[in-house]
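Multiple structures follow.
The following pair of complexes shares a single chain, chain A, combined with chain B in the former and chain C in the latter.
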Partner chain A sequence: MATEGLAPPIAVTRTRPAWLESFAGQLLALLASFGIALLAGSLLIVAYGENPIDVYTSIFDASLGSADGIGYVLAIATPLIFAALAVSVCFKGGLFNIGVEGQYLVAMITATVAELNLDFLPGPLLVPAVLIAAMIGGMIWAAVPGILKVRTGAHEVVTTIMMNGIAISLVGWALNGPLHQNDAPEGAFVDLRTNVFPAKGLAGDLGAMFGVTPGAHLSWLLFLAIVAAIVVWFLIRRTRLGYEARAVGSSPGSARAGGVSIGATQLRLFLISGALAGLIGMQLILADRGYLPLNYVVGLGFTGILVAFLGQNNPIGIVFAAIVWAILSRGEVALQVSSQVPREFIIVLQGLLILTVVITYQIAKRRLAARQLQRAGLAGELEDSDAPDESAGPRGPEGSGSETFEPADEKRA
Partner chain B sequence: MPFTDIAVAIQISFTYFTIIYLTGLGGLFSERSGIVNIGLEGLMIIGTVTGAFGARFFTDTVGLGTVWGPILGLLFGALCGAIFASVHAVATITFRVDHIVSGVVINLVAIGLARFLSYAFFNGQSTQSDPGGPHLARLDVPGLSSLPGGLDRAFERLSPMVVVAALMVIPVWYSLYRTRWGLRLRSCGENPEATRSLGVSVPRYRYQGVLLSGAFAGLSGAFLAAEVIGSWREGQTLGLGFIALAALIISNWNPIRLMFFAWLFGFAVAIPLRLQDAPVISLLPEQFIRMIPYVVTIVAIAGFVGRVRPPAAAGRAYEGGGGT
Partner chain C sequence: MTIGAGAGGNGSPPLVVLDHITKRFPGVLANDEVDLELRAGEVHALIGENGAGKSTLMRVLYGMYPADGGRILVRGQEIKIGSPRDAIANGIGMVHQHFVLVDPFTVTENIILGEEGGELLDIDAAQQRIAELAESYAFRVDPGAVVEELSVGEEQRVEILKALYRGVEILILDEPTAVLTPSETKDLFGNLRKLREAGRTIVFISHKLDEVMEIADRITVLRRGKVVGETRPAETSKAKLAEMMVGRPVLFRLEKPTVQIGEPVLRVQDLTGEGKLNGVSFEVHAGEILGVAGVEGNGQRELAESLIGLRTPASGTIELQGAAIAGGAVFDIRNAGVGYIPEDRHEQGLVLNMSLWENAVLGRQDDVEFSGALGVLFIKKIKELAARLVRTFDIRTRSVDVAVSTLSGGNQQKLILARELETDPKLLIAAQPTRGLDVGAIEFVWKQILDQKAAGRGVLLISAELDEIYALSDRIVTLYEGKITGEFPPDAPPEQIGIGMLGRAPEEAA
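Our next item is the complex of A and B:
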């Protein structure tokens, strides 16, 4: 589509490097989809009798117009980075971890158990212990679909959706039963929650350092998220596991022929994904609240899937995608204060954005693949084929849930 | 006394059966045509908000009375579900976006869109509507509602939609297994390339499958909001769309088995509501009972008990023949 202008004539043998063309193509696709989404959003705004430019300006002002606004945006982005990284690690190996949602719920339980039972530890030991407990909780919940996938071929999309359903009930049970608070004064009305965590076990507020209001709950978990992004990048790009994961993700048949153990790779990816998912809830319980409430934020795992796509499964892209998502989320406040447009407009806008991004990437990817094939002298009937592209999304569930991997299936997928 | 409780639990299970079965049938049409639809929950959500509005609008505002008003309300929910499902259809069939990604988007957008619609429908209330909306007259099943020993309670005061849902198995089964349309729809889900070679437009059948799934899920959501609760409330679908998906999977994408599992899972949902004091059950926290449908489905999909097999081409982008 928009990449047309960059294309050298086919006859010319000297071409731009593939990565540059791919990068420029992706950037143009991204900008185009932003434009389309904002334009479609404008129509809705006009329907409410408001000026789109005013509304978009107020969203921008509320999010990036002040130090406080930026603080809020980064705090909102923190769990989204973990969530999208968790999703992307599995994507790389051609796996769809819909269960990030359930994994972070279970991780919040294990983290809470650690927080309340290890409170004799000094802060510098307690906090790492809590984070490790959270990661273990996420890993346990991710191990079930991982093992089932490897052992029985049960499709991970189905099993993770079911594990999510179980996790929701598990949190409800924990909060009503074993973890129910008993630290409130007799007769006082408190929301359903756990005991309040000791202050030494919380993620310290960083806002003061940058002149951000404590209300934003900006904490060093943000830096942990960025470190996690770098670690994931290193893992995927520079380690043997990352190489094997990419091989399994783009062509399981060749990977197996090359001596890669598909099952072992997939299981490891699931465990890493679960560990990352475990850290999603830490912003909520260690920074925002200081306890685990029943009205916890839901849907972060699902949002993570969308952020991962927005960031094209690239760890660095994910950090930026999470920030973009957070800017829009923060914009809700502006809408509430200064316009007739209901705040729900933001979720609709986010949905429009992700839809246009997904569709334009899909189109751009096809164009790019077609052009590369053309250049390689394979023009013609293959123009519709979908060349393996590791920066692209996962293959999707491969046909039958009863098989592990079939090379023949992948060629068509 | 316990009999009455069991009977009431069964009565409640019929209501949940209706919700799960209708939504499950939606998933059936979509997945049989080759499009995985994990957006059922989102389609239901759209059905709830538009159904609650439709029932009120056609009954009170248009003044069609308490028979045609609620019926048109339900159909309005189904229509809006189908319209919303067209997003999934365009994304997955025309643009070949990954089915799971599109489904997740559907679920996410539905929450925002429902609030957005609610804001417009219900005078600026974005998370609920006024309670006590119009619904169809309740029905006592003839014969069964005069059973002795309290068992009659199970068949009293049911929504007519329960009967409609139960009877739906006949046209669905017939259309899928005894018509040319059904054969073609199913073959699109099993082997789209071969189907195309016979001159059948695969995208067209897949569009029909996905739009039908939106209509059924929307109808189910409208039933939940307008008939069962009597108003719209955010989050009232309670993950039933995912339970419907579970029922669909464990029933091996078969409309008749789906009936049984929809009822079974509906009963599992009803137990904590009515049988919390019964022996054995009282020892279990209610949350553990809520896990039953999910655990059962995991066990089934893992092949510990029998083996389920999805349509072979479900989830796979169909590359042949660009146009529709």
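Our next item is the complex of A and C:
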């Protein structure tokens, strides 16, 4: 409120730089949300007649307490990073890709086909070929709802759920039919699965290097996931496509009026999302099993949505969110071994965490935005004749904070 | 038409007293210890720029916002108003700018909604009461009409009747004339005078000074959340009021530059589409500002959006310097040299949660200057552009990195103008370019538009504000129900243009 009508440009009151304030604010929000979630979880533990500190300690010991534990955690986090990135890329453009699940299932089929048919290639060529096949598989499955959305306006939530159903059946059919194991010894009873992939076509184990048990199946796919996160960050923040996607996601009208083709942008986001989704299943088939089993891990695509929420759709945030998620998942083992608290407690805790993170971030965001407004010295924008409607109340502080502070994209149209 | 007869007993005790009302929003002090007295039987104008706190103050009185400090006294009694229901119970009613009516219901059904008076409806009795009420204040409303078939002016009357039906004595009208044609405004003022004669009190929120001078008995001016003065029309002038509102002298008329009118830049023929445009034809020449006057909702939005490529017209041609652009992509039309100031800057102008620099390049992100072949943005270049725009258009901001949502409305509009004019468009489409802006910002925007004309470019100005049309246009056309209903010289009397805005040809009316 310092500026008069035509006063000289803003008197800047120097305090902490905005980015530091934003960073500190986020950190505080994060710590607060963890604290609240753990506290709420303690109540449940007490209700089971256990000591919260013991339970949390056992979860910690199982996950971060040893090299093996950390190895397990990182291996669990690897596919979650890809899944959450896939979800977040679409989210930026105002799209809700529920179909990550189906996209990675189909990608596992295409990757398997490449693995079993390109085995004449040397390893350094075979593995990239398999990864590319996986990404193409995911892209094909994402392209269908993408094209339907752009061409006909069919809502992506509906179409992607349909595509998930088809994908599940497709995997079943492939494993019973064309991809069914044909190198099993006569009369031997085996699980429904494909032939084992050639060893040169697998994602090499990293565990040995860090003293982690091979049982954790920690592979360099983890690094690929981290690289993917950085690439997605760059894409969203530093490229034209990312810029246009964010504009489309936050204000489709302004984006269109600015000459952005909404359809073309959204289709491209779907394809990128599908490619990322394609890499989710690689941890399972290239690092863990070495073949495609029927009892594949279900639900990674859906978990990806939750992890993306937890990471506030920020690629770097997603990496950490996936690790936190994996720590809790790994904690399940500890619970079963050492306490009366049922393993479902972990799911409750994961849910609580999402809730508290979303809420505390929202609060932190508002505060930061309000502070920004205050600094800008504006009395305006709060109440005026072009407010969208009376019940909307004050509008100013609802805009998002600084550049680094990701909005939860609540304004999707 | 100065102060009316029943200008409230000056000696009588005030009906409503707002005592040191303070209202804070996060980061903003919207009302700072505001004192206000309303007397029985007066029209009290509350004026100020956008963001001055006038609507907030009245929303506090109407129970929509709790006050952070201060007292409200009605008839000498201190009362707590926690909701609009409390306010109505205390005889205080408010009509908002955006009406809250149920479209498929009749006028009567709308008015009694929430006040049905029992489980069994007696529509006939209610209708009778409403007809009498309307009669007594000279409201022209058919209580049996269905609301969706009413004009904006009629809907406003229904809203006022709704408040009166509830026995309201103090009626707050938030910018009531913003949505009305000149003749509808005249009707409204007739109603308000009747209400005043009957001893009711009216709070008239506005920033239109002509109207305030005409209708108000007393005027309170707010600036930045504080009362800066109280006066009467007889004791003041438009210029003085404007100076009180803005805090500095304001020019009301800008000099229109004289420019040689050139070749047609834009030629529109028989433009038809979506039921909202029915064979619109006109031309805009280089060095000319063509004003399109009309009440909103008569095809203005569709016209602007068809020209920039957001809509594909069903038929008709649009030529930009002889090249057909109808149905083209927005991207191509912009590149062909069209700048666009949308009527809703939040909907079509800015991405609010993105930064100033990101908004500064919107529409030009494909230029080789701003992004490479691989689609990587040249952020340094874009920030340079943003800094240049901030400098040349005097956009008040802490840095180019802030989210545009933190800018004031005037500064947001400056950013859009700066961005659109940066590319030297041959044609500027300015739709409601000063909507929601305060006096100082309006002056700035007008000057920029006149500069475009001076530079020999064509400007299509679409505005619901007749003042604005007069201040800028070289030629005026009126748009009614998707048709051009008349063309007027810039000095045509407002009554004539008003007739065009209502769809009758001038000669018919004469």
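Assume the second predicted complex is superposed on the first by the 329 of 413 C-alpha atoms of A that agree within 3 Å, B and C clash if a C-alpha of one lies under 4 Å from a C-alpha of the other, contacts with A are read in each partner's own complex, and residues count from 1 in each chain.
Everything below uses one rule, namely that a residue touches a chain if its C-beta (ideal position, glycine included) is under 8 Å from a C-beta of that chain, and two chains touch if they have at least 3 such contacts.
Everything numeric in this text was worked out from a predicted model, so none of it was measured.
Enquirer: Where does A:L148 make contact in the superposed view: on chain B (first), on chain C (second), on both, or on neither?
Expert: So A:L148 only meets chain B here.
Enquirer: Taking the superposition on A as described, I'd like to know which of chain B and chain C A:G259 touches: first, second, both or neither.
Expert: In the superposition, A:G259 touches chain C alone.
Enquirer: Using the touch definition from the top, say if A:I161 reaches chain B (first), chain C (second), both or neither.
Expert: Only chain B is touched by A:I161; chain C is not.
Enquirer: Once the shared chain is lined up, is A:S251 touching chain B (first), chain C (second), both, or neither of them?
Expert: Touch partner of A:S251: chain C, not chain B.
Enquirer: Could you look at A:N51 and tell me whether it touches chain B, chain C, both or neither (first, second, both, neither)?
Expert: Neither: A:N51 stays clear of chain B and chain C.
Enquirer: Considering only the touch criterion stated at the top, classify A:N117 as touching first (chain B), second (chain C), both, or neither.
Expert: After superposing on A, A:N117 lies clear of both chain B and chain C.
Enquirer: Could you look at A:A370 and tell me whether it touches chain B, chain C, both or neither (first, second, both, neither)?
Expert: second
Enquirer: Identify the partner contact of A:Q340: answer first if only chain B is touched, second if only chain C is, both if each is, neither if none is.
Expert: After superposition on chain A, A:Q340 lies in contact with neither partner.
Enquirer: Let me check the overlay on chain A: which residues of chain A are in contact with chain B and also with chain C?
Expert: Of chain A, residues 384-386, 393-394, 396-402 contact chain B in one complex and chain C in the other.
Enquirer: Could you list, by residue number, the parts of chain A that touch chain C in their complex?
Expert: Against chain C, chain A makes touches at 1, 3-6, 9-10, 12, 18, 238-241, 243-244, 246-247, 250-251, 253-261, 366-367, 369-376, 378-386, 388-390, 393-394, 396-403, 407, 411.
Enquirer: Which bits of chain B are touching chain A when the two form their complex?
Expert: 36, 38, 87, 91, 95-102, 104-105, 107-109, 111-113, 115-116, 119, 124, 126, 239, 242-243, 245-246, 249, 285, 287-288, 290-291, 293-295, 297-298, 301-304, 307-310, 312-317, 319, 322
Enquirer: Inside the complex, what are the residues of chain A that reach chain B?
Expert: On the chain A side, the touching residues are 96, 98, 144, 148, 151-155, 157-159, 161-166, 168-170, 172-173, 176-177, 299, 302-303, 305-306, 309, 342-348, 350-351, 354-355, 358-359, 362-363, 384-386, 393-394, 396-402, 409, 412-413.
Enquirer: Considering the complex alone, what residue numbers of chain C touch chain A?
Expert: 25-30, 49-56, 59, 64-65, 96-98, 100, 175, 178, 207, 224-225, 246-248, 308, 310, 329-331, 334-335, 340, 342, 344, 346-355, 358, 362-363, 365-366, 371, 374-377, 379, 394, 396-398, 401-410, 435-436, 438, 440
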